[in-house]
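Okay, so chain A shows up in both of these, paired with chain B first and chain C after.
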Partner chain A sequence: MKRIRFNQQEIVFAVFALLFLLFSIFLRGFLSSDNMLTLLQNVSVLGILGLAMAIVVIGRGIDISLIAALAVPPGLVLQMVQNGHSLPASLLTAVLLTVAFGLVNGWLIAYAEVPSLFATLATGLLLAGLGQAALFQLDVVQWSPGMDGFERLGQGTILGIPTSIVMFAIACIVVAFLLRQTRWGAYIYAIGDNPYAARVTGIPSRPIIVLQYVVAALIGCFAGLVMAASVNSMPTRIFNSTLIYDVILVVVLGGIGLSGGRGGVLNIVIGTLLIGTMLNGMTIMDISYAGQNLIKGVVLLLAVITDSFLNPRNEETAQQGDI
Partner chain B sequence: MSDIMLSLRQATKLYAGVPAIDGVDFDLRRGEIHALVGENGAGKSTLTKVMAGVVTLTSGAMMVDGTDVAPRTPLEARNLGIAMVFQENSLVPTMTVAQNLFLGQEKFYNRLRGIYISAQQFLQSLNFDVTPTATVSGLGAAKKQMVEIARAVLHRAKVIIFDEPTASLTPEEKKYFFDLVRDLKKRGVSIVFISHALEEALLLADRITVLRDGKHVVTDDAAKFDRAAIIQAMVGRDLSNTLYGTRKSTVRPAGARVLTVQNLKMAPMVKNNSLSVFAGQITGVFGLVGAGRTETFKIVSGVLKRDFFHGGEILLHDKPVRYRVPAPAVKAGIAYVTEDRKVEGFFETSSIARNIYLGLLSKFPKGRMMLSRRETETVGKTWIEKLRVRAIGDHGKVVELSGGNQQKVVIAKSLVQEPDLIIFDEPTRGVDVGAIVEIHELVNQLADEGKAVVVISSYLPEIMALSDRILVSRQGKVVEEFSALDATEERIMYAAIH
Partner chain C sequence: MKHIGSPTKAIVAALGLAAMTAPALAQQGLDEPFQKPFKEALAGKTVAYVPVAMNFDLTEGWYAGLKKELEPFGVKFVIRDANWNTNAGAQAVTSLISEKPAVIVVHNPDVQTYAKLLQRAENEGIYVIQINMGSAYRSSAFVGANWVEIGERQTEGVVKACEGKSNKIAIIQGALSAAASAYTLKGVENVLAKHPEIKVVSSQAADWDAAKAKAITQTVLKQNPDLCGIVGFWDGMDIGTAAAVKEAGLTGKVFVATSGGGERKGACELVKSGAFDLNMSYDVPTQAAQMAGTIKWLLSSGVKPGSVKGSEYTTLIPITKENADSQMACWNLSDLKK
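The block that comes next holds the complex of A and B.
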C-alpha cells in the first residue's frame, strides 16, 4: 500500500498535543502551576491503574475489579493504623489481602475458566462489599497520626518533580521491565497473541494468567496508596465512581488492542496524557458530571470501534497477511 | 421433463490456486440414489457444497432441470429445490423440533400451538416418530437427522444431499435411515450421499461416482461395482509420477519403545486404542476423518483437556504418564506439531525468531528469567537456515509467510525443544509443493537421528513415502499394522474403510 500509515500511538499523541495547545490558549487557568499539579496528580493514579489494566489486557483479559483493589487494601491500612496497629503490620496485611484477591481472580479465570469480565465484575463487588461491611467504620477512612510520613508517597516533590509523577514513572519502569525483559512478560504476550498456540508450545498458561491478576491487583493497591497519601484519606466510595471506564479509556485509546498481544507501557503513557488532559479541560470548562460522562462514553465507544477495526479478534486475522 | 435432475459440467473450484475439484462432470438422475466416494481431499465435500450453494464454482456450469443456475448461497440453492444435510447438523439445539422445522418461515405472529399442530401432521405424513414439542438438544443423532430430512422435504426439496449421514448412527438407526432414503426416492426425490462406508454405498445407491484428487474417476451402476473395484478406483494413482517419490525399498529397524498406548478411551472419538511408537523410525498413522488419530495423539501430548479423558494407560519410556496440559508433556520430550497451524500453531504478532525462542523458553526455562535479544537472534537465525525458511529478514512476522514457511516455523518451534517423540499431524496440509519435499526430508532426517517420529496423515501417498511402519486407524482405534515393505495402497485403504 502506498498510503502513509500512522500508527495509533502517533495519532493519539498528536491529538493530545493539539488538545493541550487548544486548552492552553483558550482555557484560562489551564496552564497555571496549580492546575498542572492537579492534572499530574490525577493523571498519575489513572496512569498507574492503566499499567495494571495493560498487563491483563495484553494477556487477552480484562480486570474490572481494579478499583476495588485500589480502594479496599489501602483503606484497610488507614483503618488499621487508626485502630492502633503499626504501619508496617497494616501494610503487610493489605499486601496479603491484595495477593489473595489476585489469586482468587486468577484462579477463577485460569482454572475455573470464567470469562475475565464476569469473574472480576463479581470479585470486585465482593471485595468492595467486604470493605464497606466489615472493614471500614466510615465511607471516607481518615488519616491518623500513626500514618505521618507516609503522605510523602503522594505529596511534595522529588528533585523538583511532583512525587506522584515519580511514582507513576517507577511503576512504568517496573511494568516495562516485567513485560519486555523477563520470560514471564514474553509469556504474557504469547498468551494474548494466541492462547491455543501458547498452550501447545508448552507455556505454563494458567500460572501465568494467575500471575497477571496478582500483579495487576498489587499495582492497583499501589495506586490506591499513592492516592490516599496525596489526599490524606481514602474515599472508599470511589468504587461507585466511573473511574474504571477512564482506565479502560486509557488502555484502548493508548493503542493496546483488546484482542491481546499488542502494545506496551508507552501506549499507557500516551493514553494517560490524553485522557488526563481531556478530563482536566472538561473540569475547567465546568462541564457537568453528566456531560463529562456523555463525552467519555462517546470517546470510549469510538476508541473501541476503531480498535476492533485495527485489531480484529478472530481467526481471519491470521489470513489477512498484511497487518 | 428431462431424465437428468441436476448436472455439473467441467466443474472446477480453486482454493488459493489449488484445485479442490478439477473439471468434474456429474449427472444426477431424477429419483435416483447416488453415492459419492473417495479419499479425504478427493473433492467430495466440495462437489456437494457447490450443488448446495455453499461454495461457488471458479469455472464450469451447473444445471437444474436443464436450465443453467449458479446458486451463491444455501438459500438460493434451497429455492432451486436443493437441500443439504450437513455432517454437523444445522439445527438450533435450544429450540423445539417444530420451531426448527419452520425456522425462517414463521409468520409475523408466530403461534406456537399452530406450528406444533402443522409439524405434527407433517411428521406423521412422513411417518417420522419425532415429538414436535421436544427440544432438539435432547434428541439422539438419528432423530436429529430425521428433523433435518423433514425440513428438507418441507422445503419441497427435489435434491437432498447427505454428507456422511450414517457416521453417527447406531446399526438399527442406520437401517431405519436406509428405509427413509428409499422412501424419499419413491417420492421422486434425488439423493446424493457421501460415504466412507463402501458397503452402504453398494447396498443403498443406484449409481456410484468415484472421485480422486479432485478429478472424476468413474460413474457407473452400483451393481457393476464391488468393494475391491471401488478401492482400486479410489487409490489407483500412478505413484511414480507424484512428487512424493517412489516407495521405500528398505525400512529403518525399530529402536527402543518410546510410547505405548493401551486401551485408551475418549468418548466418542477414541475407543480402546492401543499402539506403540519406536525410536529411530517413522510411524505413519493413516485413517479417514473421524478415525480418532488426532484425538489419540492430542491426549498423549496433553493438548486435549482432561475432561475428555476416559481411561486407559499411556507409557512414555515404559513409565506411566498422564498429562493434563501440554507443558509437562513438552518437558518430558513430546512435541506435537498441530494440524491446524492457524489456530494453535504460531504467534502472529511476533517475529519468526521470537516464535522459535518462545519454544526454547518453555522447554528450558532454567537460567532464562531474563530475555536475551542475542539468544533470540541466534536461535532464530540457526533455525531459519536449518529449515530453509524463506522470509524477508528474521524480524518478519509469521503471518506474512507462505503456508509452507509458516509450517516450518511451527516445526522449528517444536524442534528447538529437542524432543524425543515428535508427532506431526498432517505435516504438509496447505503447504506448497516445494516445501512438501523439504518437510519430508526433515522428517526423514529426524528419524535417522534416532528420534521417534509419528506422522498422522490422511493422504496415502504421504504415508507410503514416509513411513517405516504403518498403523491404520478406524473408528477410534488402530485396526491393522503394516511394515512399509509389504503395505500396498489397496491393503491400507481396505483396512481403513469399514
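The block that comes next holds the complex of A and C.
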C-alpha cells in the first residue's frame, strides 16, 4: 500500500520537476520570484478546492457539487450586500447556507446511502439552480461599495506574499491538522480504507461522512470568497465550466487514489504545482488555447499511463472500480 | 406650438367652435385610418425570444425592453432560454417553427448552428430577427453590434494610449468558438496592420471567464511590466483583467479597453473607478427599442417573411472617464425592468 502511494506521488513530482527545469532553462523570466508568486497565485483557488475534494476522496467519496458551493454562497454574499444588507449578516447567511448544503449532501450519502457521485451531482445542480432562479439577478454578481475592504481576502499581499497564496497555505495547514492530528481525521482514513471494517470497529461512520461533506462545502465556500475577492465579482456561471474536472485532476494527479484511504495535503500541493507550472509556462510562451488543451491532455495522459504501468490494477481496485 | 399665433389656425378654431355649437356633436374628430389595422396586426400575435442564455445584462436588457414595447399592444411575448446550450437552442427554434409564432427574435451562439433552421422558419412564414450575433443566413432583420468595428475602435484607443511608450500590447480574447470573438479579433488585426510598430506580446482566449483573464493578465504583466495597453473582448470577463492590472499597481499606466452592453454596474461604474479606460458600449436599451420598432414595422407591413432583408448596426457609445457620469451613457437593469 505504502509503496504504491510513494510511486504515484513520485511520478507527478518528477513530471513537475522536469517541466520546471525545462521552463527555467528555456523561458526567459520564468524563474523569477515574481513569476513564481504569480504561478502559485493563479492556482491557489484550485488548490483550496483540491483540499476540499481530498477530504471527501480520502473517505472514499466524491463531491461533484463543490463548484456549486464555490459559486452560490459567495455569490449570495455579494448579492445581499448589493441589495443593502450588511457584510457580516450576508457572510453569516452564506455560511449557514453552506452548512445546510453540506448536511444535505452528508445525509443523502451517509443515511439515505445514495452513491456520492449521484447525490452530489444532483444537489450541485439543485443549489446552482436555486441560485440562478431565486438568489441572483445576473449570472455575474458585481462587487458593490458595501464590500470594500473584503477584497483584501484575494488581492494585495501579506508580508510580500500575495494573499491568495497565504489563504491556500492556511487552508493546507487547517486540513493537514484535521486529517493528521485529530481523531476525526484518523476515522476518515479508516472509513476510506475499509468502510465495513471501520463500522465494525465502532467508528461512528455516518456522522463522520456527514462531517466530511460539511467541511468540504465550507472549504468550497471559502475558495469562492477568495476567488470573488480576487476578481472583484462572482461569475456564478462557473458552475457550468469544467473546473470540477480540474479539481479531480489535481487530486488524482497528486496521487490520492479514488478508492480512498490514502494521500494527504502534500499530494494536493504537488498536483496543484504541476497544473500551475504548465499553465504559467504556456501563458508565457503565448501558446494558443487549442495548443494548451492539447499539451495539458498529453501531459495528463502520460502521467496516467506511466502510473498504470508502474502500479498495475490490483485485486482491490478491480473489485471496487476507481470511484 | 409655434402655430398658436397663426391667423389660419384661429379661423379654423373659430369655425370649429361654430360647427360644434350648431348641430350638436356631429363631428367629434377624425379617425386616423392606419392605427386600427396596425393594432389588429399586432394584437394576439406571438413573439418568441431565444437568447443564448438569460441571467446576464445583455439578454435581460433585451427581454425587458422588448416586453415593455410589445406587451401593451397585446403581443404575447414568450421566451425559450437556451442556457448556454447550443443543442437546447436549436431544439427551441425547431419546436418554435411548428408552433408558428409571428416573429422569432434569436441570439445565435455561432454562425452555423441555427442558419438552416432560421431559413426554414422564414419559409414557413415566420419573421426572424437576429440580435448581436448573426448567422450565415440573412433574415428579415439583423439588429446588433458590428464586432469588427468594436475591435477596431478599441485597438485604436489602445494604440493611441501607447504613443511614446513601449508599444507592447496584450489581447484577451473570448471563447474561440464564438464568432463575436473572431470578428472582434479581425477588427484588432485591421488596425494593427496599419501600425507595425505595435508588438502583440500575448493573444490568448480566456473563455469569457474573469478568473482566467486575470491569470493570463498577471502572467503577461510579470513578463512585460512595461505593457502599455490591453484589448479585452467583454467587460464581464475583463473585470479579471482589470483586477490583475490593479494588483500590479499599473492602473492608469496600462490602458484597458473592453466592450459590453453598457449596464451601469458593469460598465460606467468600472470606468469611473479606473478599472477600464475605454468601454465600447452597444447600448442594450436602444438595441431593444430598434428590435421592437422592426417587429412593429414587419407585422404591420404584411410583407412576406424573407422577402425583405436589412440590417441595423448599433451606433456604439465609447464610455470613457468623460461621459461615465452622464445619465445617458449607461443604463440600469433594475430601472428597465420596472
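What we mean here is this: the second predicted complex is superposed on the first by the 258 of 323 C-alpha atoms of A that agree within 3 Å, B and C clash if a C-alpha of one lies under 4 Å from a C-alpha of the other, contacts with A are read in each partner's own complex, and residues count from 1 in each chain.
In this text, a contact is a pair of C-beta atoms (placed from the backbone, for glycine too) under 8 Å apart; a residue touches a chain by one contact, two chains touch by 3 or more.
Quick caveat, the model's predicted, so the values are computed rather than measured.
*Asks:* Mind working out whether A:Ser288 is in touch with chain B, chain C, both or neither, as first, second, both or neither?
*Replies:* It touches chain C, and chain B stays clear.
*Asks:* With both complexes superposed on chain A, which partner does A:Ser241 reach: first (chain B), second (chain C), both or neither?
*Replies:* After superposition on chain A, A:Ser241 lies in contact with chain C alone.
*Asks:* Quick check on the superposed pair: does A:Gln155 touch chain B, chain C, both, or neither? Answer first, second, both or neither.
*Replies:* It touches chain C, and chain B stays clear.
*Asks:* Is A:Asp193 touching anything from chain B or chain C once the two structures are fitted on A? First, second, both or neither.
*Replies:* first
*Asks:* Between chain B (first) and chain C (second), which does A:Met227 come into contact with in this model arrangement: first, second, both, or neither?
*Replies:* A:Met227: touches chain C, not chain B.
*Asks:* Applying the document's definition of touch, where does A:Asn83 land relative to chain B and chain C: first, second, both, or neither?
*Replies:* Neither: A:Asn83 stays clear of chain B and chain C.
*Asks:* Please work out whether A:Ser24 is in contact with chain B alone, chain C alone, both, or neither, and reply first, second, both or neither.
*Replies:* Neither: A:Ser24 stays clear of chain B and chain C.
*Asks:* For chain A, which residues belong to both interfaces, chain B and chain C?
*Replies:* none
*Asks:* What does chain A use to touch chain C in their complex?
*Replies:* Against chain C, chain A makes touches at 29, 32, 34-35, 38-39, 41-42, 45, 132, 136-140, 142, 144, 155-156, 162, 227, 230-233, 235, 237-238, 240-241, 279-280, 283-284, 286, 288-290.
*Asks:* So in the complex, which bits of chain A are touching chain B?
*Replies:* 180-183, 185-187, 189-190, 193-194, 196-206, 261-262, 315, 317-323
*Asks:* Show which residues of chain B lie in contact with chain A when the two form their complex.
*Replies:* Counting only chain B, the residues touching chain A are 303, 325-327, 329-331, 336, 338, 342-350, 354, 357-359, 361-363, 365, 368-371, 399-400, 413, 417.
*Asks:* In the complex, go through chain C and note every residue touching chain A.
*Replies:* 53, 55-57, 60, 84, 173, 176, 201-205, 207, 209-211, 214-216, 218-220, 222-223, 236, 239-240, 242-243, 246-247, 265-266, 269, 275, 333-334
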